């Protein structure tokens, strides 16, 4: 029966990597023999294990090794990646390797190179001459590009829990808390925001129209003005409701000051969109003095970059909305460099979309009143996501208060 | 075919009573002829309609008239109620009339008397000599008591929308709002609370342990101290977690200050209950100096009456908990007189239980982060329930802030 | 004070139109005098009311009349619509009238013409020469087109409840039932489906990937084969998971036969998409023999038209997916003619999108295990939506069984 | 700094016990030195680790050791448990040990004895003479009883995953699946039921009124008749609705055959309860011929034992309902001996109550359409709970079909 020797390094015990690996081996009908195991005595020590894995046949062994690599296992004999040419534009070759959002290296003849960006569900295009390895979506593939096939020569470095417990994202892990006191967590978030800004990290907000509906726009605008937001990804709804509110004081016909239905239904909404269409877009509307307040106005005034992505649900998009999903993803991905924190609020659709684009290293905070949305986003198998099931307006109010108190 | 003439009075158009009545008649295969209709010109005017209803047979007519009475229809020929003796303790006679929680009158030989209390799903025990009519649960029935049977001689007066729109409970009706701005509603609630207190109305809180878990106990204690709460109905959980928090600073082992798990699990919880058991109850625990803070402490110190009702889920009740459900209901009902506002927060079980006990005239506010709970409670077919889907801690914080600003 | 006389006709009592109109008048500070009222004695009779409405000023009167029109009120003096030219491509003129999805007529000099299609949140482009009035989205507007402004000369005919109660869509109205017996409703749905097919009505399914995940694809394929589905609107997910299942027997790596995780994660998913990309699309993949089973295969084989609309969430779309939201909506709208029933299953995003496109006359059934989705879709203010909170697989199994038993 | 040596045995790697223990040690500021580690090579092999734990002070060490014991750690030096006398009836002594629902042993001078039953959140009463150790709730405590204090001499044996993967409860673990194919899981459940019956295990159903509302009573009755149910725990609602359905064909006034509202509201419900009250209870009602069908009838006819527990929500209990929560729990616990499978369906309240009473060894299946209920119940930290988010009627239909096919 074929066997191969793998090695595990790092915080393999307390990150549960070792047990997961052993479990995987057994669950797939293979066996293991532990050659050597050194367990770090201190939290800061690295552990090490060398394990010989034996499977019934080489296909099963290959499949198993592929899985173990995703847990961070390295195969001892170093082999180069295998490449095959893309058969047509937009088509991967047979047996292409599917990426995760973890840091990944491919081995060429003369050493390893890192795959960039750390983007999930892509193939890896290698240019051996230029020594680059690029995670590439279908639409980036041109006929003849060299694409990684199989799983030989690939090394994945899963995110490991840091040894210090100072970080709310590690402390909370994917803890979705409904009936928990949230003030302590929000205070920690305020500190994370501050730390991130001191280290020049970019903070991305993925936001839904609920920010406007719940009356939280004013808090959000403060964060923008204070320099805490560098990037906003949203749909047509957030922008259109924000502009409706700026122009008419309503959001889908609800007066945000008095909470009263004005009986205008979607009319103000349509008129707001029409006004911006007449002006030629959001920036021209700010320049011309049509738009004088609100989230989008603050973004323009404070040079916060934004991408508005269209959806099949938007029947009347603003001119700034990128209605093509693939183009909108490209626009988003082009701006992700340098993002260290992503705060997702009140949008299931855009949050999942952006989560698909983020590398595992970006810290993610998801705030929604729907526990299903929070669970779906916070539970993505990394140490870096915190979910809060709560109302957006009081959340942003409290976050803003903590940040203000600490400025 | 048998027919009967009914009359409708009041705001029968804008309370939708007339169309509901006509609809009911047609839907049950009966026909109607409108004898007279006078529609109030002004909002403050009463309307009137006299309608002759004809049904295929007298059984169907009876059943229909029964339904129409529940919409407020009066039958023109006045007949006295029919009574039958209860056949045994705890058993109603055949054909007993089932009450609603609307104001109801029964006609005796010499005039009408009001049924008290306005309690749903009961039978009516009449004492012709004493001229009393009492809504009575099974357990209040003694053999031989005179109980109303059939539906003759009964008049129901459904709650009608007042003509002024100053009242949040009428303005909102059963509007369950997730993505709405809540500040305006909470500000209105603060005004309602103030108004109720000025008019000597009692405010009842039905509360769950989420008040403590979410860190909202401090806000609640302020409301108690300021005299805004006269009555608290809860389960073992609210009291036990509150006392755990007062004694150990945790709620089910979660440190409420730092949001951190102490790793004590249910231990502090059990020790808190044991300590109160040792003291002989909550009041002795306050008297002895064991219990020095928290919601229950504030209740004792400010003479807020409380009923703690047991549940099959509580495996370790405090000594103050009434573990028998029937006894607990009796204790609650005995204290409901004079209650004008009920605020239900964070408990599905106790909120439904109390909703079953309340007359239709009590204004009800239901706050929960679970939209299903709010929908179930806010949508009980009266004009008097407001539901808010939101987090309890920020809700109570904002309510307290509004009340404080206005003191 | 200015006044105007309106008339109401039809089932204005049992459709609650009269009380809504009176309520609206009073709520907006106007007064009314009922000139004449004739209430139909029988369910099949039409009722009639003539009401003089007086408002404080003509602006308020105009706004009120606009609202009353949406309840079906007609203004007695007949005036023609007012038109204004679109100032630029994609921009409506100031004061444009916003459509609903109800049947609407505009009055020209020489009579009324119907607005087509009955599409909400559009403006109305009138061609007086050709005597056409077309509901037109922003992107259909060219500079200079004549667009209806104000609300004069517009008549809306709200959908009225039919007099017979044979129709499940009227019987249920927007009843969202979790804890109700569903077999009776599903049996009625089977009958509606049969009736619709006998009358050559088209049945549209809006479907999410949950149809595949829950193992319901086989039932759905039967409906297609038996000729019960004419149109399928979906996203990339439904098609991609269906094809993954057809090629690999898994859906996102879950073996649908054994319910077991294969540990392949998203790999099979990516390989399925790649295979279809290699083939050049779904139809070529069927033609070439690559795709031999599944929902998409059945659609191709049975000439069921489909539109796959992209979403920002899809990072790897099939070639058949229309990634531009506006183009996808156009493609959908072009196929809606003749649709009498829409069945929405397991997709919030696409269901809301399609609901925005449907005229009020299309009967809509929404099936989802999430009560929030069902409530949002079933409660759209018409008599024609039924919501079922249930699991898709057993729902489709039972629906298919009823239809089969009755074939 | 004080230290102690602990030992871990069993499937400590693949049950994740070792990493949890190491993690706990570090997280609490203690350090460890691994003296010996032997990892089982085969899935069936036991592993072993001896670890020296050092903490800053002996209080911290004690607290840590207490936690480690709950992960199954044994302390090497064997000491006897410490006992203290209960200071009063119903009160534990200071420092009492709080039980889990795992198998637990206490060490006396002359050896270990097992604590019975395995009941969480109790204290342990030891009778050294009789050599018994009993988990005892507050109400079982009499003044002077010897109760375990501290954590010395206590050994907890956590449930370990079996080495075979034939068991659905281990295979699924706490997997709550909404969008998964459920047929495979239900088929496995049918097999588990059969296996349990062959081994004379008792099957307990904890059921809510949704079984009746959703029209699933017929399926449930089949399971009873075929001998698959030995015990039913429910509230007043299940029994009252079942009997309403048996006597009147409705459930809260909804006709279960036609799904139509009969307009009787709660009347039939009240009349059904009154009829049983008149008969003197459920068994007399069956004996007298009043009750001739339904779930409760089948229970009586097939000698299925039942406990109906009251709730503050029940305003009109059947005479069989135990309205006192403590008495109802006693009645339930007295019948749990021999139960191997518990199926919880459609009741949050009673399911949580029963979950509190069950030892960790009982396999639990929780079926509910509300994912929150399923998550709460399935995620209780054992390997033995399976949650299904689905509709009860089709679930029971399919389960019954599988069992029938296999009889």
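Chains here go by letter, A, B, C and D, matching the order in which they are written, and residues are numbered from 1 within each.
The rule is short, and it goes like this: a residue touches a chain if its C-beta (ideal position, glycine included) is under 8 Å from a C-beta of that chain, and two chains touch if they have at least 3 such contacts.
Computed from a prediction, not measured in an experiment: that's the story for all the values here.
Seen from the C-alpha centroid of chain A, the farthest chain centroid is that of B. A count of contacting C-beta pairs for B-C and for A-B identifies A-B as the more extensively joined pair.
The mean-CA centres of chain A and chain B are about 46 angstrom from one another, to the nearest whole unit. Computed centre separation for the pair chain B/chain C is 39 angstrom, with centres defined by C-alpha atoms. Annotation for chain D: residues 372 touch two or more other chains.
Chain contact topology: the protein chains form a complete graph, every chain touching every other one.
Taken in their complex, chain B has these residues touching chain C: 13-14, 16, 18-19, 22-23, 26-27, 31-34, 37, 39, 41-43, 165, 371-372.
Every residue of chain D that touches chain C in the complex is listed here, in rising order: 171, 178-185, 209-210, 213-215, 251, 254, 256-260, 346, 369, 389-391, 393-395, 397-398.
Only residues 28, 67, 87-88, 90-92, 96, 98, 120-121, 137-138, 235, 263, 265-267, 270-271, 273-274, 277-278, 309-317, 319, 323-329, 349-350, 352-353, 356-357, 370, 372 of chain C touch chain A when the two sit together in their complex.
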